[in-house]
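Below, chain A partners chain B and then partners chain C, in two separate complexes.
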Partner chain A sequence: MALTTTTEPVPATAVSPSPTSKPTPRWRNRESLTAWLFLLPSLIGFLIFTAGPVVAAGVISLLDWNLFSPPTWAGLRNFARLGPDPTFWSALGNTAYFTFVSVPLTILVSLALALLLNQGLRRIAVFRSLLLLPYATITVAVAFVWIWLYIPHDGLVNAVLGLFGIHGPAWLISDNWAMPALILMSVWKSFGFGMVVFLAGLQAIPQQLYEAARVDGTSPWQSFRNVTLPMLSPALFFVIVTSIIGSFQVFDQALIMTNGGPGTRTTTLVMYIYRTGFENYDQGYAAAQSLVLFAFIVLITATQFFFQKRLVHYDN
Partner chain B sequence: MSTKLSRRSFLELTGLAGLGLAVAGCSSGPPAGSATWAMWSSSAAERKVWQDFSAYVEQQLKVKSVPTLTPSGPYPTKLDLQLVSGTAGLVTALNGTLIPTYAARGAHRPLDDLIEGDSDFDLDDFYQPIQKISSFNGKTYAIGFDVAPTVMYYNKSLLQKQGIALPSRTEPMPWATFRELAVELTHAPDQYGFTCAPAIDDLVSWIYCAGGNVMSEDASRSILGEPEAMEALQFVIDLFVKDKVTPPIKNLVTESSLSNFLEGNVAFMQNGPWQVVNVRKAKFDWDIIPFPAGAAGSTPRVSGSSFAIPSGVREGADLDLAWKLLKTLTSTGALDIYAKAGRNNPARFSAGSAFQPPPDNLGIVQDILAGKVAGGHPFDVTTNWNQVKQLLGQDLPRTFLGQVPVPEAIAGVTPRLDVLMRQHLDNIRQATARRG
Partner chain C sequence: MTTEALPLVSNKVVQRKLIVFACFLVTALTLIPVVMMVLVAFQSDAESMAAKPSFWPSSWHPENLTRAFELVPLGKYLLNTVYFAGGTTLLETVTAALAAYAFARLNFPGRGWLFGIYLATLMIPSQVTLIPQFVLVAKLHGIDTWPGMILPHAFTAIGVFLLRQFFLGIPRDYEEAARLDGANRWQAFIRVIVPLAVPAIATLAVFKFIGQWNNLLWPLVISNSDATRTASVGLQVFQDTNGTQWNLLLMAATVTTVPLIILFFLTQRWFVRGITMSGLGGR
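And then the complex of A and B:
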């Protein structure tokens, strides 16, 4: 039977315009206006604190400005300085290393713990809260604790390794181990966020899908691959995008635990931008670097959104 | 009697209250005519000293004193933002190493006209090194409040326990003797001979004593690779890597020679008299001696801090008050407060008697500055010292860890230092042109 009536009010835009009157523009509808009003505070915040600084950085990147003397026009010179600057490339490489190792590790740990917590454990809320604690703690405090954990001779990390007959390295002052040490700490610090998102995603998967899979005789691995992963892909996508953006902006733990050393082994791009702008008073060059970082993040996020269409399954 | 408040009235009242708060927030600030000044302060004891300064200013100038105290770490960034936004105080404290940086950028004004026009102000009462530290490009940009040479602290109890004769209180020991003593006193991992920070700030004293420097006389190039500086660098690095007379470096960020020394198992610590106030907490007997003498004698780094007037202070009443405030903050009376609290050696000769023992041999600080004992070398810095320090801070610590030999580290860092030196000369040229 076809429905011929509706109890819903007919949207203003759906009313047939009379031949003499112009249609009301969508933005003048009462509903649209209400929506804009609700959006306004957030929009103003976005314009002032996000879009504004991005535009300002674009302008400043074309200037020579030491904060005090009047700025002078530099054109693209600040961007040209990036090429021969070894510290910039080292910082970019370190940031990429940090991101492409820490993000997959964090996701693996988060997913593993979410799967574990989703097994109908008793007192799941207690475990969930405990595991979320590192994420809720401020990075500065965590970084100082990890400095102590990493002390070469008396630190807990090397003491534990020693139990297995492994002579641990001098983590934070070693050329090869300083960055892995930061990554390990960052994974510990941030897995809680992904875990909570994954757990919510897992609990939203309809049980009938698993039952159907069981009837079809799937193994647990096949069930995970063909039911859990596709159904969890929106959550996975969200965590990957936000984690990569966050990791490209890594700053505080590197500043506190290694100050970018030894050498420039743990100097990250945001740390270098901060130093260029506020310690070396080279605002134009710092703005140029920050625009490059911005471009990298936009590029990577856009690529992720491009693949999202093929890899992410929305249950609608 | 109860009054019903409609939703509309409630919203109106809330809006008005918010507006009122915003206006109150925007209009808050020190009252006009206040003596505003900025200073770093990282502890309750330090804060107390600056509060006493503030009371002294109010008593002397009969105006409200408004100090803005910020922990030393974020102080430069906060000061920058205040200077740029025009909200800095009439007077701001500056670490000596940053005076050329601020002066070259035009952030602070020269004081020569004010000094010349004030017959009450006697610049000669200030030690020569702090006058040099507070100058840039031939002009005085700041007036010092403290100045001191680096000295050698030693653990008297430890030396006596080991049956080793106490070092001379006035004669600097030669480097070779110092090294022998440090080796003899080292019984790792329980006891070590020496501690210093693995950074240029400490290395530079050894470089000066060897007759070297970070930069050439005209600051046009780095001379860290020349034999004098290389000898000094190798000597100190060997103490860490070859002789292993220093406590092992656990972390390059939190490594602190002071905490190593306060453990009580380190014989010698290189540091300045500004740490006397902290070492007084030590649970052992200790004292200070002149810095060990290298080929050029005992001429360690002399550093200090000063007060300066931002360029943004308007001519007229504001500048008059700023100058009076600066004179008060660096007066003998104020520096007496500072020295009596044991913070550091005051920059004025006339306030010297207020910097009193312990330790017993504290008098050598002023004798060194006056040229009666050993010697000193004002800290030579550039107008981009932050960058120089940053570059050296990246590459030099690896030599302390034995990861890179000294010649390789210096060869790697020299071309980049030379670029910074050229930038420094450009900065001076621009500052001169601006002033002209």
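And then the complex of A and C:
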């Protein structure tokens, strides 16, 4: 730890040793006691309401339990039920469809807008705030406007398509277009987050790198490919990871806009967990589904961290 | 700044005009849904429910605001949302700041593994804890009560993690100076650390508040009467009981989301900083 002399000189005794260099502290020493007092309010709540429930989820997934009668032991039966359950597979497929279309689209829109805003505009903060607005709205509230926008025949979206001679689909009530409609709304709702992260990343790239690239006679595309992308890759990685995790948990807009329909065309994993646990009162099965959702998130995130080593450029 | 990076058009003036035009265009497109929400909210019943929707209201009906509040107890729902979002935010911010100080500055046996347990829960999606939290609250007779609504969402690890990272960045010297003047740990925390950490604490508070204002799933399962029903859930009830009375539904939606939009504009300095901190500081 470096001792800076920004204020008056501090005697050497005032420099506390770094935590790791301290000899093994004792339970009874004053500092540990103080530490536990600081920790206590958070720790009690955390153990009861966050850490405890994580462990309990594992236990409940092994039970047959409808909350009204005493639970009975089910072993791994709840997990075995997933295999032949068509709604589960449909929900998994829908969630994957949603995630692997909406995340790349969101990233592209965020990146394009960040690049646009980074072109040396004077009122950049105003545009940034306005473009961030959808991100700061209530999902449920704006979901209703999007239902209105998607009204078949004469809704605003189809009216605009009609100007170009395109006969728009029935969107939210169409088998094939309900999911794309949800994806479009979700891209609109969430692109602001990535845009702000990318914009900060772009502004942190040293200008000398572009000047050096220009001296070497590179084309705009080459300087984007060889300077911007590598320098932005940590931000890109972060946004991709968090967007995929978020998309796997999509619920609000699907519940409001399509309620999972038509049929089960837009039933997502979280919606199925909600139905299983709180409409069918099958808590054990719902807990098992939630653990499978968690396993998918871990798997995808781990895969991304595996590829990160080769694709993400870190300065240090 | 980086005009050189992408010289799409050779003529700089034309290029600049194109960029400004493109910015206006995408911003206008982005704002259409929010603008339409507000416009339809002021249309007459007949106009808003006509087979062919109209965009600009042919007559303005500000009385839709009071009608929406009469149709469902929207005022109560909004107040409940303030309780829910405010309660979780206050509890989480205070307890997380205290715990973060212990993790960042104090030595105690088990610090490493305890922080490890906090970190481990960061990755776990909230749906995993949803069922056990519901069971716990139900067993404690907390369904449809404020403790049942607030407590399970007030002790997440993210607050402790973010504030600890920030506290670690505050030079120890400031605190040591106060300690030399005879301040104990508590006084050092309150007088030195907290004032220096205001931006980080505010960022956490703004994000937590907005996140909980948005929360649909938890109030949906825990709240089953107007006593604790939040605006997100209330809008869903509105839809069920009033079908597609678009003007009143979108008026209710406007009333629900406008306070948040105002909060966003008031706190956007922290909001933007919070996003960039999580995006660039979190690597």
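By definition in this document, the second predicted complex is superposed on the first by the 265 of 316 C-alpha atoms of A that agree within 3 Å, B and C clash if a C-alpha of one lies under 4 Å from a C-alpha of the other, contacts with A are read in each partner's own complex, and residues count from 1 in each chain.
Assume a contact is a pair of C-beta atoms (placed from the backbone, for glycine too) under 8 Å apart; a residue touches a chain by one contact, two chains touch by 3 or more.
Computed from a predicted structure; not experimentally measured.
Undergrad: Once the shared chain is lined up, is A:I151 touching chain B (first), chain C (second), both, or neither of them?
TA: Both partners, chain B and chain C.
Undergrad: So in the superposed three-chain picture, is A:S129 touching just chain B, just chain C, both, or none of them (first/second/both/neither)?
TA: second
Undergrad: For A:L116, select first, second, both or neither according to whether it touches chain B, chain C, the two together, or no partner.
TA: Second partner only.
Undergrad: Could you tell me if A:L172 is touching chain B, chain C, both of them or neither one (first, second, both, neither)?
TA: first
Undergrad: Mind working out whether A:F278 is in touch with chain B, chain C, both or neither, as first, second, both or neither?
TA: It touches chain B and chain C both.
Undergrad: Between chain C and chain B, which one touches more residues of chain A when both complexes sit on the common chain A?
TA: C
Undergrad: A:L67 contacts which: chain B (first), chain C (second), both, neither?
TA: both
Undergrad: Touch test for A:G263: chain B only (first), chain C only (second), both, or neither?
TA: In the superposed model, A:G263 contacts chain B only, not chain C.
Undergrad: Counting contacts the way the document defines them, which residues of chain A are shared by the two interfaces, the one with chain B and the one with chain C?
TA: Comparing the two interfaces on chain A, one with chain B and one with chain C, the shared residues are 67, 151, 153, 256, 278.
Undergrad: Spell out the part of chain B that touches chain A in their complex, as residue ranges.
TA: Touch residues, chain B against chain A: 76-77, 80, 83-84, 101, 105-107, 189, 248-254, 311, 384, 386-387, 390, 393-395, 397-398, 401, 403, 430, 434.
Undergrad: Under the definition above, what is the set of chain C residues touching chain A in their complex?
TA: 1-8, 19-20, 22-23, 26-27, 30-34, 36-37, 40, 51-53, 55, 91, 94-96, 98-99, 101-103, 106-109, 111, 114, 117-118, 121, 123-136, 138, 151-157, 160, 171-174, 176-177, 179-180, 185-186, 189, 210, 213-214, 216-217, 220-221, 231-232, 235-236, 239, 246, 249-250, 253-254, 256-257, 260-261, 264-265, 268, 271-272, 275-276, 278-280, 282-283
Undergrad: Report the residues of chain A in contact with chain B in the complex, numbered from low to high.
TA: Interface residues on the chain A side: 66-69, 87, 147, 150-153, 170, 172-173, 175, 256-264, 267, 275, 278-281.
Undergrad: For chain A, which residues count as touching chain C in their complex?
TA: Listed in rising order, the residues of chain A that touch chain C are 1, 3-4, 6-8, 10-11, 14-16, 19, 22, 24-27, 31-32, 34-36, 38-39, 41-43, 45-46, 48-54, 56-57, 60, 67, 113, 115-121, 127-134, 136-142, 144-146, 148-149, 151, 153-156, 188, 193, 196-197, 200-205, 207, 210-211, 214, 220, 223-224, 227-228, 234-235, 237-239, 245, 248-249, 251-252, 255-256, 270, 273-274, 277-278, 283, 286-287, 290-291, 293-294, 297-298, 301, 314.
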